[in-house]
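Here chain A shows up in two complexes: once beside chain B, once beside chain C.
Up next, the complex of A and B:
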């Protein structure tokens, strides 16, 4: 039996955000937006979903009077990402055999 | 990436993960400024002290090292400006920060050892060269940048060699060490970052 792919991660933009955040310590919202080419509105919604799932931490603060949002992956997020990649590998191996 | 609802195949998912991780490769900060600032500053001080002490026989030849706090202030101002501009922090950046904070503390402790110890100034440069070696070797490994690794390794040899020489010539060995481990790799690192940007 195949493991079901985590629906939180199995979405293009959310997976892109998680893949970025797994590779760095933390990143600002504007950096993530630039790297994913997403619109601010769409990205906000998906970041919120990842936050609600407990996969990322979102810190909102002010820097020189401008709002600044910083995102960082949580241990739960790392675990979920690893499980997702393992599940993907199972699917691909099944496809090859 | 307009929509989040597009159904992904496992291949597409893995491809996406790989693409995004690759995009973070340019996230490591350009640290060449620090290598060049401290490299040229220490190089100048070594040569200047050598000339003042050996050729001009100026008694307060060690005064040139008063330039070090100036380097500290410039580094601090530059660092705080860069941190405001920076939108991403990589694990390599964090590791480098802690490495150089620890080394900066060691450099300061060496100043106290130098001032408090009666004869410790005679071999202090050996320990500075050793610390430069640790800093540049580890930085080179973290940044996967060979000139810094080579510079660091050469410094370990120079540190061992320097004990056989008097303080005057240790100044020249120190200037050679900083040229090989900071100045040359610093310029090459700057070139690498400029190439990555383009």
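Up next, the complex of A and C:
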């Protein structure tokens, strides 16, 4: 029985953001934008969706009079990411056999 | 990157792999820290060696230079932190390891100034080897692993040598643990920066 792939994660940009955040402790919005090559508007929307799902924490503050948004993956996000990778592996193994 | 692209399972896995790789390659150590300390400790050890072996008088304790070296070091760390827009998982661990090292060096110097043990050089080299070996292991950077081991070998060797020759061993330790890895890291950093 195949597990259904998490629809929150099964989208290109959201998956890219989660993959980045799983590899670092925390990252600024600018870092995520640099690495994903996404537009600020699109990235904002996807980050908001991940936040609403409880997969990431978003902290907005000011640094040297400029707004600074920092994102960090939550334990729920780590769990969802691991389950997603496991489900992917199941699909791929089934495809090979 | 567009949001609405639907991914196949293979594409998803490839995307995860590439983003994790990108994150891992984001941070390139500039090498300034180890390079700086390598120069200072090697220089101070060689000056002490020359002072003891040739009865030179330079008019001040050369090891005070290491205290002055702290200022630019703090500045470099502050500047690097300001420019960085992410924090890696191993960073906080490494900060604690090197803070422990700094505290141990201070405590060892304090102990030395009160107890005057006969072979304190060996103790310093034992302490030099600890953060170097850990950093090399955690960051998978072989020159620092080797550097840490050389510090410990030099520490044992210093029991069988005079104080002056012990200072040469200390210079060798600092060169192996920090100066050479620092040069390698600096060259790598400058190359990556210009790619």
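Assume the second predicted complex is superposed on the first by the 97 of 97 C-alpha atoms of A that agree within 3 Å, B and C clash if a C-alpha of one lies under 4 Å from a C-alpha of the other, contacts with A are read in each partner's own complex, and residues count from 1 in each chain.
Assume a contact is a pair of C-beta atoms (placed from the backbone, for glycine too) under 8 Å apart; a residue touches a chain by one contact, two chains touch by 3 or more.
From a predicted model like this one, the values you see are computed outputs, not experimental measurements.
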Fit-or-clash call for chain B and chain C when the two complexes are aligned on chain A: clash
Partner chain in contact with A:12 - chain B first, chain C second, else both or neither: both
Touching partner for A:57 - first (chain B), second (chain C), both, neither: neither
First (chain B), second (chain C), both or neither touched by A:69: neither
Which superposed partner A:46 touches (first chain B, second chain C, both, neither): both
Touching both chain C and chain B, counted on chain A across the two superposed complexes: 5, 10-16, 19-20, 22-28, 30-31, 35-38, 42, 45-46, 85, 88, 91-92, 95
Chain A to chain C touching residues, read off their complex: 5, 10-16, 19-20, 22-28, 30-31, 34-38, 42, 45-46, 85, 88-89, 91-92, 95
Interface residues, chain C side, partner chain A - complex: 1-7, 9-10, 12-13, 15-16, 19-20, 22-24, 26, 85-89, 91-92
Chain B residues touching chain A - in the complex, by the definition given at the top: 1-6, 8, 10-11, 13-14, 16-17, 19-21, 23-24, 27, 84, 87-91, 93-94
Chain B-facing residues of chain A, complex: 5, 10-16, 19-20, 22-28, 30-31, 35-39, 42, 45-46, 63-64, 84-85, 88, 91-92, 95
